[in-house]
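Input: structures, listed below.
Each of the two complexes below includes subunit A, the first together with subunit B, the second together with subunit C.
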Partner chain A sequence: MRTWIERHRNILDFTLSSLLRRKRKNAALISVYTLIVFLLASVLFFTYGLREEASLLLKEAPEMTVQRLVAGRQELIPVNYIERIRAIRGVSSITARLWGYYYDPVVGANYTLMVADDQDVAPGTIAVGEGVSRARLVSPGETIEFRTHQGVTMELEIKKTFSSESGLVSSDLVLISEDDFRKVFGTPKGHATDLAVRVRNPKELPTIALKVAELLPDTRQILREELLRTYEAIFNWRGGLLLAILFGAVLAFIIFAWDKASGLSVEEKREIGILKAIGWETSDIIRMKFWEGLVVSLSSFLMGIIMAYIHVFFTSFMLFEPVLKGWAVLYPAFKVTPFVDGAQVASLFFLTVVPYTVATIIPSWRAAIVDPDSVMR
Partner chain B sequence: MRKSSLFFLYLFIQTFALGCLFTHASYKKQVDTSHLQEKADLVQKLGLTDLCLFTEASYTRHLSLADFHTAFQNSPMALEHFPSGSLVTHPQTAKKMYENLD
Partner chain C sequence: MIELRDVRKVFNSGKPNEFVAVQGISLSLEAHKATVLKGPSGSGKTTLLSLIGCMARPTRGRIRVLDREITSLPERFLTEIRRKTFGFIFQQFNLIRGITALENAMLPAYPLGENFSSIKKRGLHLFDLFNIAPKADSKAEWLSGGETQRVTIVRALMNNPSIIIADEPTAHLDTKLSLEFLDILGKLKQDGKTLLLASHDPLVYESSVVDRVVNVRDGRIEGAGE
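Take a look at the complex of A and B:
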């Protein structure tokens, strides 16, 4: 065993000296390799974290949302629909939700105004998300003016702001009383934006949704499972950001593999020839190339993963933040909880280290089995 | 010191750093539990349906409640809201609409 370890260490010593002889080339290779792993791991960590958070949070969303559609567009729903839905067996509660978008010309941002059944939001007061307070530079006790549908300016006092930690769900939120909401938008009494339905047994949800559709043919039912699937779909591998990065990374790996598989450089072939001429066996040369591949790929992999973790969870996805913010004036602080597990690291390992190491061995084996004399010529 | 020993030391340092980051991840998950609960409570209390990720258009702000024809709905010249429009896929509800036609 000791001899076996010593033999491998000797080969590794030689491999490292050989890599150091081609310092620049290998440094460039390791840098590009590290960058690819860094990009892939950054996107994987970020999207996985967001997806996990979305699925945890949206578990609490209403089991069914009922919208009214008129001429293909969403319209206000009469609140008397509530009684008709409540009559369906299995429905435990229905809430009329009042919400809408308000464009604030001062900062050029859209707020989501929502009526809350909350003691904190009395008429004349509001509660705002951290994005709104950041954009308007306001804090509790100050006021924000809203222009009503009749063109009248209405000032509402900020009672509280939501914490920045809750920004992922509340950044652009303005909680408002029902009276003030109807004053701003002119929403008639007896109408709501949509209905949030909760059921006793979630297994009965598809049947209840079908009954609602039969009873109220002008409505559309959105189930909680559909919300969860929507967020699953956004950040899965087919999503735009992930696909773009994956495409680039796969392309880079194809170039790597092509470079390796298309054969070794003359210098490398000569080295193999000399080694064979002085008594190295084919298996030793394959061992040497295996170590070479492992040194390059493993050190790049570990460095890439560490950098990606720091990038996503310590610098809040700094490099990709402008892409996520887009043209939005209001955006949440992208602080993602690190839902990192061994499976993610293992899948990255098999995507990056294994193909590279294999791609290094095959051409070396081909060069090692030919006659040393012909290789050296 | 042999080069292989230096390499193993380098690998050990990196693996140790990775181990520390994993420990940080598990610690941070515990710390963030209260924040996650706060957000989950808000979602339940207000009956929220979407995450506040992209606020520039109604169909990127409320992905799950968007119209069936989400793209180009703002105006014929508002080609889409790039980059958000290229990051998000069609809402599942809109896809369902066309399943019967396939």
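Take a look at the complex of A and C:
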């Protein structure tokens, strides 16, 4: 056993000095390799983190949202629908929601205006998301002017700002009183944007949705599971979009790595011949190349992963923020909770380290099975 | 010690460029003696050295080294014999560039599984013996011709082999360095090593160190091999 360890140690020692001999070539390889792992791991960490975050947030969402459709488009829903839905067995609560989008020409951004359910926001005041206060450079006590649907300017005082913990959803949010909301948008009394329905037993949800559809044929029912699925699809799609772009880079890397790893230079072949001639076995040469491949790929992998972790969880995905964080103008200053999926890291490992290591071994094995007398010539 | 019986080596067998390098040579070499295979280039000397040194297998015939039949041995055993029994001094020296002279010399010992520091100690001792200790940490490519030759000798001696094989060892050396090399060979012979050289340099085959000269031409031995 001791002999076996010493043998490996000696070969590893030679491998490391071999790597140092080709400093520039190996440094270039490690840099490109690290960059690829960094990009891939960044996307994986970020999309996974976002999905986790979104599912956590949506857990608080109502189990069912009821919207009214006219000519296939969403319309305001009469509040008297509430009583009819409440009568359905299994519905535990139902509330009318008022929300809409408001374009602020000052900063050129869209806000989501929403009437607070808890009546926390008194008429004449608002609570704003962190993105809004950042964009307008305003803090509690100051005012923001809104232009109503009639063209009248209305000033509302900021009571408070939201914490950035739920930044992804609330960054562009403005909580407003019902009266002010109706003044801004001209939403008539007795109408709401949609209805939020909660049920006693989530298993009954599809049945209840069916009953609502029968009772109110001009409505559509959106279940929370569907929202979750949509979010997942969007994040997957965005992740996929970036992955598609990365695919080109990955392909270039594969060609580069394959060229480096598989094509042995004349110098390397000569060295293998010398080592064999002075008594190295084919297995020793393969061991050496294995260590070489592993040192390069493992160090690149670890560096890439660590850099991606810092990039995603400490710098808020600085490089790809606009691509992945959605369409809003007010990007949330949002930090993804550090969460790493072991299976994803493992698959990244098997997709990068293993193929590269194997790619370095095969050509060396081919070179090493040749008779060593080549160096005599 | 070393015995060849009807050894034949054909390269590219069955192809249009087929070439018979060794044509049925039988030869017996004694232990603790210096033998030179003498002949012009292309005569088959180097091929003969490769076959004896377990670097290639004969197409036909039998070779015995230290009373062991080596022609039918699997690759792993051949490597082991090569590592423990033979020390090679190549015509092109064949040091690996980019690593130090000492590291080059230590290379044959790495796969033995010996402790690194004891390999290094042995290497440094040999460097001392051959008066090249100050060059131990120099990169191989920075060494002069004579220094390179000595490092190659140290590398050949690293695993304390009983047979030293040298292929045209003076081809790249001037007269002074060639004589120095022959002096070293004399010392190695005194230490009980068996020396087998291939050379067409008169300095070598006329040297007093050499016990026997075997004339090789066109893959055959000429005369009785005095």
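Please note the rule applied: the second predicted complex is superposed on the first by the 340 of 377 C-alpha atoms of A that agree within 3 Å, B and C clash if a C-alpha of one lies under 4 Å from a C-alpha of the other, contacts with A are read in each partner's own complex, and residues count from 1 in each chain.
One rule holds for everything that comes next: contacts are C-beta pairs under 8 Å (C-beta built on N, C-alpha and C of every residue); 3 or more make two chains touch, one makes a residue touch a chain.
What you are looking at is a predicted structure, and each value in this text was computed from that prediction instead of being measured.
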Combined model on subunit A: subunit C and subunit B, fit or clash: fit
Contacts of A:Leu275 with subunit B and subunit C, given as first, second, both or neither: second
Touching partner for A:Arg9 - first (subunit B), second (subunit C), both, neither: both
Dominant contact partner of subunit A by residue count, subunit C or subunit B: B
Touched partner set for A:Asp371, first subunit B, second subunit C, both or neither: second
Contacts of A:Ser17 with subunit B and subunit C, given as first, second, both or neither: both
Partner chain(s) touched by A:Thr95 [first = subunit B, second = subunit C, both, neither]: first
Which of subunit B and subunit C A:Glu53 touches, first, second, both or neither: first
Superposed arrangement (fit on chain A Cα atoms) - minimum subunit B/subunit C Cα distance in Å: 8
Footprint overlap on subunit A, comparing subunit B with subunit C: 9, 13, 17
Interfacial residue positions of subunit A with respect to subunit C in the complex: 2-7, 9-11, 13-14, 17-18, 21-22, 267, 270-271, 274-282, 284, 371-373, 375-377
Footprint of subunit A on subunit B - complex, ascending: 2-4, 6-7, 10-11, 14-15, 17-18, 21-22, 24-25, 28-29, 32, 35-36, 38-56, 58, 61, 63-65, 67-69, 81-84, 86-89, 91-93, 96
Touch list for subunit C against partner subunit A, complex: 46-47, 49-50, 55-57, 75-76, 79-80, 82-84, 88, 90-92, 94, 96-99, 103, 107-116, 119, 155, 159, 167
Subunit B partner contacts - residues on subunit A that touch it in the complex: 9, 12-13, 16-17, 20, 50, 53-54, 56-62, 65, 67, 72-74, 95, 97, 101, 109-110, 112, 114, 116, 118, 129, 131, 162-163, 165-173, 175, 194, 196, 220, 222, 226-227, 229-231, 233-234, 238-241, 295, 298-299, 302-303, 305-306, 309-310, 313, 323-324, 326-332, 337-340
